[in-house]
Amino acid sequence: MNLSLLVILPLITTLLVLLARGGGQVKAIALTGATLQLLLALFLLYAFGKERSAGDHSAMLFQANYSWFAPLHIYFHTGVDGISVAMILLTAFVVLAGVLVSWDTSFQTKEFFFLLVFLSAGAYGFFISLDLFTLFFFLEVAVIPKFLLIGIWGSGKKEYSAMKLALMLMAGSALVFTGLAGIYFKAGGSAHSFDMMQLAGGLIPVKVQLFFFPFVFIGFGIFTALFPFHTWVPDGHSSAPTAASMFLAGISMKLGGYGCLRVATFLMPDAAQHYAPWIIALSTIAIIYGAFATMMQTDLKYINAYSSVSHCGFVLLGIGMLTRTSVTGAVMQMVSHGLMTALFFAAIGMLYSRTHTRMVAQLGGLLKIMPFISTIFILAGLCSLGLPGLSGFAAEMTVFAGAWQQPSTAYRFATILACASIVVTAVYILRATGQSVLGPVTDSHYEQLPDAKWNEKLAGILLMAGILAIGLAPFWLQQLVSPGAEQIIQQAVKSVTIK
Amino acid sequence: MMGTQFFWLAKQELVLALVIFLLLIIKTGSRTYSNTSVLNLVNALLLVNFLAGFIAPADGILFNEMFHTNTLVTIEKNILNLGTLIVSMQGYEWLKTHKHVIEFYVLLLSTLMGMFFMISAGHLLMFYLGLELASIPLAALANFDLAKRQSSEAAFKYIISSAFSSGLLLFGISLLFGTTGSLLFSDLPALLTGGPLQIFALVLLIAGFAFKISAVPFHWWTADVYEGAPVTVSAYLSVVSKGAAVFVFVYFLYLVAKPMAAAWYTILFILGVLTMLIGNLFAVRQQSVKRLLAFSSIAQAGFILVGISGSSQAGSASVVYFILIYVLSNLGAFGVASVVSALSGKESINDYKGFYRTNPFLSWVMAIALFSLAGIPPAAGFFGKFFLLFAGAGKGNYALVIIAALNMVIAFYYYLRLVRAMFFDRADQEPIPSLDLNWYPKIGLGICLVGTLLLGFFGHVYEHIYSISIPF
Amino acid sequence: MPHPLHTALVVLLPLAGFVLLGLFGKRFGSKAGLVGVLVLALTTIFASMTAGGYFFSNGTVSGVFRPLKDLSFTWLAFSPNIKIEIGTLLDPISAMMIVVVSFVSLMVHLFSLGYMKGEERLHAYYAYLSLFTFSMLGLVLSSNIFQIYMFWELVGVSSYLLIGFYFQKPSAVAAAKKAFIVTRFADLGFLIGILVLSYYAETLDFGTLIQRLTDTQSSYSVGITAGSFMGISALTWGLVLVFAGGAGKSAMFPLHIWLPDAMEGPTPVSALIHAATMVVAGVFLVARLFPLYAFNEVALKVVTMTGLISAMFAAVIACTQTDIKRVLAYSTMSQIGYMMFALGLGAKGEYGLGYTASLFHLFTHAFFKSLLFLGAGAIIHLVHSNDMKDMGGLRKFMPITHISFLVACLAIAGIPPFAGFFSKEEILSTAYHDSFIFYLLLLLTSGLTAFYMFRLYFSIFWRREAHLHGHHGEGTMTMKLPLIVLMLCAVLAGFVPFGHFVSYNGQPLEMHVDLLFSIAPVLIALAGIGLAGWLYKSENDRPHSLATAMGGFYQAAYRKFYIDELYLFVTKKILFNLVGRPAAWIDRHIVNGAMNGLASVTGSISSAIKGLQSGKLQQYILYFFAGIALLTLLLIYRFASMPV
Amino acid sequence: MNAVPLTHIILLSTALFFTGMYGLLTRRNMITMLMSVELILNSVNINFVAFNKYLYPKQLEGVFFTVFIIAIAAAEAAVAIAIIINLYRTHQSIDVEDASELKY
């Protein structure tokens, strides 16, 4: 199948949104577009599986290569492996859910859905890119919509948050850019190239890797809340409108993780080995520190935002551990966290739109009043604390199991600390649920509030379906991701044996 | 032989000259003419002028190598033509009530002609003449808000600074003449030895260019003049005048001063870093939109210097490509500022609060233009800036690239400030009312918007520019 | 005819019940309970068929019970060797457990029909019960150590949901949270233990794991004994950590603090989860890995001592509590302490008597303890209070409850011929063979057991004449029936030749009751009963004066030896105040401050240099010229190679 | 004929240049500043003519350049004076210090 469709479809949707008249039409178009995206993503999964089972074991499938800026060797080179397919699926789920929960948007509807769908185009483009330039392009494309979504439709100190998010992500991009420049000019003599598949074969000299790896890794790390560059996360997530929060935490942060994996680790395996202790140290700090910081939050969105810091730490930990299993786990965690956190934000958004507060202390007893919303809230929480049968468990356990394969005592210690964070997670999740949806009803006004509407229910069910599909049967995801992880790790392992 | 060749090679200048003459005739001939009809006529002529630029581009030299032209030069002139056309359309709202429309255009087009000669110059004398033709009328233009104090101050600052800078430039040229005995571009490379006097001459010449493209520390006039001059003139200064200087600068450095590449690379490095830093740092706390854009255009010059310092074909191609994009994006921003200033008289960032609610189209044009200036995709500025910095990186000076990349972050901040004011904030006082635009500015802004959004996606534009640009 | 499918159905039926009730429960309305009971009845039938088939037809090979592994499919493969294979493992203990679990669960389902009548969220209640039953059955049938961990967590969460069923009561929510978090903390040990063991054994499958690590010749075993951390071998670490998980679920000292609080849940839930099934999961886990534990002296010692301490510690506290459910909770903890203790000694003595004794006690305990809880439920249903101060003289109002409660008390006190007598006898015998001190301590504990149980019994049913007005009787038939059935079990379970079915090595173990040996325990139990009768049979101030005489010790026991306060101190004061708060503060002020600081530094530099753009033309010209001068100097210095 | 060496003339032009610089930097009268700029241009003129005469006597480039510079200086002065006049209308002053409203 032609992967560019994944980008073209949302773009056509945005165009139609622009041409639409009235909020109803806009929503209908956005919904149709998002549904088609999901179908397309599912078809991609199917086609990918079919191709693989037909015996095509090449690293990337459905490759297409169009020349873009020929003098600079820039191509629009697309292709997917299992990891990309998983991320694309995640995107499709979150986009559709995001469109659904935003159904009640009445303020500047057209612009809202335009930006929302536009964001998804960026994410798809990022995940299908095999060319560093296009990858970078799509990474940055998302900046404008994110900024505007937060600033226009956000709440709280939205201006500050929007600025902060945009600037910090821009700083991340700047670092990535520097790294890309280094890779381009220093890899393999005069044959300048942006093509990841060409650059991958250990083409980049070790010295160059050692110099540029931190740029690329930290640059992408900022996107995925690498400690101590995570401070945009709490502010950004908490100020964003629901759908944008879902997008930010569910997809946007994953761009970083994917970049750390696909660009930093895949292209610079020696450096990845060399810097692994640093990555592990930082990610362990993020996990534990994020979890403890979450414990002290009183705003539901802050709770989820900080917990995202902690959970994304698992992604980086998995990457830093550099074993096939841990990398597989990292990708699974990305997908799982994406769905879970989107569901969480959706639930929080639904609560907020009714009660007009996100403070844990002001909520209470909502399970009785809004059973559906409270149930998905609790389920998201349970997924977050790693309940078997929901996606978080499978992902985290894969990370742990993979991390444990590293025999070094220090790494083991990091792993144990990471494991310990699941206890802290339980503490803050149960505190949050216990005080907000359980317990006595704190405000008699709440009694009259309605439960979820059809669109909200559909969004919740959709994301739950994703979570359950992974949680109940993680093997398909694992089998999907694992060969890709293998390929990335092979480079790292090979580089060790060469040394 | 010589006759036909002359017509073909200097056709852009000739068309321009015809336009100027036509305008002068109208001015002297008829006593009563309405502004709008003049504007209609001029805009039509400018369009013709722009389109004529594409007819039969030819390579060749005239006047004993004093004048040269080729496809690259033609394209560069076309870019400037495009910029002028857009400036003219966006200035419609301001000009339609102005008393001296024809004079405005005569002066404006004279400077454009000066720039053409500058670009086509094959000899330093020709270059100097072009330069002055491009500068002196601009000073008069800066004073075109005749009754405004600030306009006069701006014009005065510009003319004195400009005169001083050309004095130094001439001093440099005289030293060059003294040490080499020739001022012909094609002779000079062989005669340059890198002695102290020549280095001094080089510094002086570069300072002259740096003045025109407003690179730090030769940029001081920029912000004051941009603020004081009418917005239309500021737009023209920041885009067309700067663009022309950049074109010549590249030509001069890459072809003429090539033997002294090590020396000028150092200068460009220092100037580039300073320009980006100072430009951005000053822009950060500006309250006036025009001043903000002025410092932004200074910072952009820094990025251009980084690109030029790449010393490669990719470098020169990227510079031309960037200027093309920069013309569109900067004119998008200035264009909005210009119509807002002309119709409501408001020029401060605070005045733009709530702008999106009253003027969504203008807000989007402004926002996309700003994002393009900041280098955020899908705006074309991303591509322009990416290639510029990449060209700079090709030299292996990663410190420069990192500084540039981090400067993009600072720059992003102040562009976002304006976007924030337009989109997020609610107006504390009466917001700018919904502006009713004539279709000229609308088209002008539309061209900027569409160009800014789409230009990056057409790879062969860059490819074409690359194929004809100056190798190093 | 145990068919793999039947085994699977045992697990899947409750799951189906959960899905059915969870998704469409509301449609059933008050019929939701019946659906639950029906599903559980079916489950129990399949469980009995499976267990019967296992014990009597296909479980043995030449007289020795062999594990049967079925229905294995790879759920998640971490690596080619280490993978989670979901499957069922039938062996004597799991066969025994599925019967116990499904049976007790059925009783509880039945009892709840009456007890929870009219409850608004009845369908949710039954859904949770089904979920719990599913998880518990899945846990005992797990064939893979990671699978057991998964069900372990599911059990934990269903327990959370059930304890917090009355979610509008803050205390219930807090209790549910506490239970979950404490066990979660313990599970951390379990998880790391699994990682340690699986790393060396390169498998997660129980059979293979045990086989590889117990074979001293194999490289796996050599590896795990050689590998050490802080001077302790990896095997010990692994086993102790796994045990920590078990201890958490089984509420062993010092991880027991959640159990008394868990009594906030509906009483039938306590009967199911906190008496008969989930809390013995720890015992089950150790039993499941017993061959490995038997291999490691240190780990066994830990198990033994934990059991002993818990048994005594809980018994002492139980004597002082006045909430009847809390008394029962501590009693549960104490009894599980017995089981753990015996299991710890299981590798010693004659043919692993301790192992059999432990599981035997688990078996009998399930019946009489759930009976006690259901009885307590019936009482609370009537009196609407948990506190024994509000009770007394209830024997007239609820005869069936009275009799069944008495039988259960006798059983737990170890009076022959009730079930508890036989199993406790075996445990004491195990202790006796190992160490006399242990024996004495246990004997004392069993006296205490008799005392506090009868303290409870007398306080509820005797003590004073009660006058209840407008009460609604003893309860519906559905409440009485389970009491009667369980009472029969409490009487008869002791006569099951348990050793024939469950033993350390799969070979039948003959258990015999030595009458001479029984004298001491029975006497001490009777003494305990007598003391309780003297103190509590009628209203008097003897208990009070005794409590005063005991002084500080009584207070300490009443306050549960301040363990809760200790935990609170560690969590609230240390973790929250010294870790959480600083982390949050650092994040907002230092890390975030650094980012904001970068911005403000840029801003202040910007302000600092604004004076350069002074607006004065002559200064501009000066700077211009200075720029040229400096550049020229620099360049001439660097590049000028030759004279003019 | 060669009684005056080139260096002297260069010195003269340099002196003239710096006189111009000095005037430009210190005079507050705009017209005087304009005159100072003319001095700078004239020092360049001297340079051109001298180089042409002494070093490259067979060429005319220097001389021609000078002619053009003089012409352009005149144009420049014309425009500058026009601007100054206009500025005087708005400011009622031709003191350069008064024309420093645009700053920062």
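Think of it as A, B, C and D in the order they're written, each chain with its own count starting at 1.
As a working rule, a contact is a pair of C-beta atoms (placed from the backbone, for glycine too) under 8 Å apart; a residue touches a chain by one contact, two chains touch by 3 or more.
All values derive from a computational prediction rather than experimental measurement.
K.L.:
Write down the chain pair with more C-beta contact pairs when C-D is set against B-D.
P.N.:
The comparison resolves to B-D.
K.L.:
Please identify the chain lying most centrally, where each chain is represented by the average of its Cα atoms.
P.N.:
Given all protein C-alpha atoms shown, the central chain works out to be A.
K.L.:
Counting in whole Å, what is the centre-to-centre distance of chain C and chain D, each centre being its mean C-alpha position?
P.N.:
96
K.L.:
Report the inter-chain centroid distance for chain A and chain D in whole angstrom, where each centroid is the mean of the CA atoms.
P.N.:
65
K.L.:
Per the centroid of Cα atoms for each chain, what is the distance between chain B and chain D, given in Å?
P.N.:
Distance between chain centres: 27 Å.
K.L.:
Between chain B and chain C, what is the separation of their C-alpha centroids in Å?
P.N.:
Their C-alpha centroids are separated by 76 Å.
K.L.:
Give the residues of chain B that touch two or more other chains, as numbers and ranges in rising order.
P.N.:
Counting only residues that touch two or more other chains, chain B contributes 156-157, 160, 164, 168, 223-224, 413.
K.L.:
Counting only residues that touch at least two other chains, what does the list for chain C look like?
P.N.:
Answer for chain C, listing residues that touch two or more other chains: 599, 610, 613, 615, 617, 621, 625.
K.L.:
Which residue numbers or ranges of chain A touch two or more of the other chains?
P.N.:
Within chain A, residues 167 contact more than one other chain.
K.L.:
Name the graph shape formed by the protein chains and their touching pairs; answer line, ring, star, complete or other.
P.N.:
Shape = other; not a path, cycle, star or full graph.
K.L.:
Which chains touch, pair by pair?
P.N.:
A-B, A-C, B-C, B-D, C-D
K.L.:
Any idea which chain D residues touch chain B in the complex?
P.N.:
Those residues of chain D that touch chain B are 17, 20, 24, 30, 33-34, 37, 40-41, 43-44, 47-48, 51-52, 55-56, 59, 61-62, 64-65, 68-69, 72, 75-76, 79-80, 82-84, 86-87, 89-91, 99-103.
K.L.:
Given the complex with chain B, which residues does chain C contribute to the contact?
P.N.:
That would be residues 599, 602-603, 605-607, 609-610, 613, 615, 617, 619-621, 623-628, 631-632, 634-636, 638-644 of chain C.
K.L.:
Which bits of chain A are touching chain C when the two form their complex?
P.N.:
So the residues of chain A in touch with chain C come to 164, 167-168, 227-232, 234, 289, 292-293, 295-297, 306, 324-325, 365, 367-368, 382, 385-389, 393-394, 397-398, 400-402, 404-405, 409, 415-416, 419-420, 422-423, 426-427, 430-431, 434, 437-441, 473-475, 478.
K.L.:
Under the definition above, what is the set of chain D residues touching chain C in their complex?
P.N.:
Chain D reaches chain C through residues 21, 24-26, 33, 96-97, 99-104.
K.L.:
Could you please specify the touching residues of chain B with respect to chain D in the complex?
P.N.:
125, 128-129, 132, 136-137, 139-140, 143, 146-150, 152-157, 159-160, 163-164, 167-168, 170-171, 173-175, 177-178, 181-183, 223-224, 227-228
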